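Let me begin by handing over the structure; questions about it come next.
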């Protein structure tokens, strides 16, 4: 069993349990060595039938369990900072679900802690970088065929928002994905954000500002606009059009089967991000396992996690206060190469 | 010949000559009775072979020519106000190319003059209202199937801009179409505009701010965004997505033939608005001729022409000065029903 | 009124009345001078409000009416031969709805009669040659970009068949369009036909062989397959894919507006051929009027009408008797250039 | 290591090496325990760096190697029968690439041998049954939403054929996939086949009959047509449209990214079946590993492999001799449930 990477999974909620399943049954080269959740019954249920997986109430105990060689953090965001620092202390490679750390101050502490180690241990769970469509678009942009990228038009729609979803979460939970995707696709930092509020939908819970329309500016003058609408009622849609000096490219309009029957031609729209990005999650975790087994760390870095936090905080400020909010990042530690390069 | 509507065409340039051809050979129920252009050789060339069409240097002479029952104004914008007032003085129905009058003060004079007549004589040439795609979208929005409209995402791209095209003209010539289309589709006035400037394309002439990204707010809280890019290099594209509370609808992505050959599957992109909107121009003029022969005036009104001028002027101010510019319309004369109803 | 082409319309049924409307209100340069129908009340209703249109019970009387310069035949198929010969006798240009003549012997008599005149007078109403999609496909095939055409895959579906529609009519009424389109697109005669019978749909009237699958061979070895399904239940669909040595091209999958709402993304499917081919009918009649006014005859010829009859008869024989039926055309009079050239 | 399924891979050519990579790095729950190829250097290269994988010249030696619990047969077709029987003798579950056995007599021997065992051990590598598109289509057909299936229209195109590809191989290697897919989608046996020969493409090697057009009839009256064109020059395309009594559904027209640049809008066309069906191969092998570890055998059976051989032989006879060839299957052993149920 020496050749299977032993992974401790922190958190056994919806996402944590899904990652346990993925590590156990989908991904090659890894096994679940430990799982931690304050609700140990839930943790035990997640690893039922998985040989050799120990169950813990505390994250620290899971990290210290026998056979643990790497950590996958899927606990609630507020627990991430402590878990990341603990993994760093043990020198364990870690895949951390987004948000890396909910507040930018904490995110910066994590990035600086890793920078002090002098080597990367953390990969952040921005799974869109592993989606086939986004990869094609990134590759096209990097090829130069479209010339310089001038604009990204993005759409991010959910059928309905979960309970307790707040107006700020449209930015720091939903648009967080577009924030990372834009930085990565363009290879540029975002420098300002403006959040606009169209009339809210009658389909949204009372008081929720939904939809929102978010504008980002970048360091080299590109403009990124995002419609985020988390109670659109009809499906989960993530689209992105990149407009360059000599052409444009669109992703996210894939369809699988066209059915023509009474009422016209129709295509299925996925209802859930776990369906739409199932392959991306699989590829993300497989890539992390593969790199980790070879002693490498790739993918989105703690700096990317930090930058996303800063941008999201500025976005929430714009939503609350109105107007354009500039984005100020701390100095980038040498450990982190510029975004997207 | 009593039953054919005798039309005087003012202006024999590109657009005027095209309308002469359309009245003579495409549209049913009309004939070209007169044409006016300061360049009378150009005017004569436009009506070569058309029996019974007189040629004039002066618009006034054309209006007074025998057999003239209606007027189509396709002269340069600065000549429109005088021509419209002259047509009103003679009680002649008129189809006036956009912009109705380039400045909003003149446009208001025209609307008020018509209001004083107490009956409509003018239809303004916003041909998108006659495009099959826009008509479908309007019909869908009016049906209520999508719930209340919350956003319109618009794209307006040209291969390249003509000589002497200015940054302001991206607003008052190109986006002018989206201004009218948004007012018509939503049945609402626009209340504010913000023009953003992404990095300009290397493919645009030096000094031209191209592309631009324009945001409109409406009286009932909808948000309209428009990418206008008049040197995109690859084609003429006009797209519009309406996002409502319960669904979205997109037009402008039609394709005629899918060719699969070396290099992938491809679809033609029209290169020119006269190609893309050829049917819309035909339907517009046919509808005008049909209504006129029945003694009626339909279609976009002088008020729509005035409102478009005011919005465009506010947009140009935002482009020049930066920031959000509120839009103030004069009181609407009773003659003009609210937009889109 | 000298410059408007005076047309006698024979037949005031569904199609005839539609052509009366088209000549009166859509097409430029023509007027309805006479209409004939044994049911004169129906004829009178069709031209109600049209100035100068006389009403007749007999086709011959309509042809002889004052002001008649050309004839549009939209009477039932069995009346076509006599009407065509009468028009030839008077030297009147004629647009004849398909089928030109229902039986090939009669069709050949018509073609030979016209050949004896030594000049073309008849255009046959195969309106697909005027459809934008088919024109694009024809142009692409003629350009040589796809290399030699090897196959055409065709689909022809109707929502439901009219009363009294017979199994043979799937061939000689519906597939008749594909017969002409294939000859025209490929510029080749068809040499054999095989009709296959999949299980009939429970949605078809009892006894109707529906769908059918029809295979045509051509003189230079291309293969044409046609699914014809006239009770498909969901819409009117006409598609064609041409497969050449170096690429393929598909038409008939156009869509106008994509609506995304509960249940997925959907596109409208037209329900009726008068909707799907409305533009083609308009262009067909306009082209005929334009050519006629210039003293020319263009478009599908009596030979094309004859060839379609022969092919359809062979198809019906294959449907009835089973197996492959060779197609034998009479010698082509010199008047008629090879198909499609 | 007890929990990882030890697999012997027979054959280390293109496909075998790809399966070694897949078992080692993509699939969860399996490891490569042995590999066999007469070219042992090639076998050794395929497992370079894989711990615990033994290398053999003989298939029999690989089956007997320590740790081997299951067999994946990717050797040339003529070696399959002996390998399958050897696996049966050892009671080893086996995944066998198509064709199961090239000749139907051998295929029947295999099916009968397995039937004598009284339990299934073999899954045949018809990977389309694991493709997301085909699965959607199967699910839709089984739902009854389209009513009874009346026709399948299939297209199977390759950029170019490999060296030594024969006219018969268009049937027994390429169309073999459509044969299995049609049986599976429809849940019916095929009862007759007719192969038609359009003019061959100038792009095909001299003497190769390419494209071909193949018609299958089924036991309950459905019709299946397949265009197979293995030198189409532009890409790898696999499409299928199912036409039922109340609707139709199409798969295989997916696109990932739409690029609009000079020359129009374009979509990538995959160039290779390993790209197009990469996910299907991954899912196929994962499903086999998962089932095998639970002691089950699912997926296409030896009977499916036999039926495909019989149909392909009939197709080759039709290609050679012309005309319609009936398909006669041997009596189905009780072990094998009807196709598709």
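Note that the chains are named A, B, C and D in the order they appear, and that numbering of residues resets to 1 at the start of each chain.
Throughout what follows, a contact is a pair of C-beta atoms (placed from the backbone, for glycine too) under 8 Å apart; a residue touches a chain by one contact, two chains touch by 3 or more.
Computed from a predicted structure; not experimentally measured.
Common neighbours of subunit B and subunit D under the contact rule above are A, C.
In this assembly, the chain whose C-alpha centre lies farthest from subunit D is B. Averaged C-alpha coordinates put the centre of subunit A at 44 Å from the centre of subunit B.
Averaged Cα coordinates give subunit A a centre that lies 37 Å from the centre of subunit D. In subunit C, the residues that touch at least two other chains are 233-234, 246-248, 255, 260-262, 268. For subunit A in complex with subunit C, the touching residues are 233-235, 237, 255, 260-269. Those residues of subunit C whose C-beta lies close enough to touch subunit D in the complex are 147-148, 150-151, 153, 155, 196, 198-199, 201-203, 211, 213, 215, 220-223, 225, 227, 229, 232-234, 243, 245-248.
Subunit A contributes residues 1, 3-4, 24-29, 51, 132-133, 136-137, 140, 145-146, 246-251, 253-262, 268, 279, 286, 290 to its touches with subunit D in the complex.
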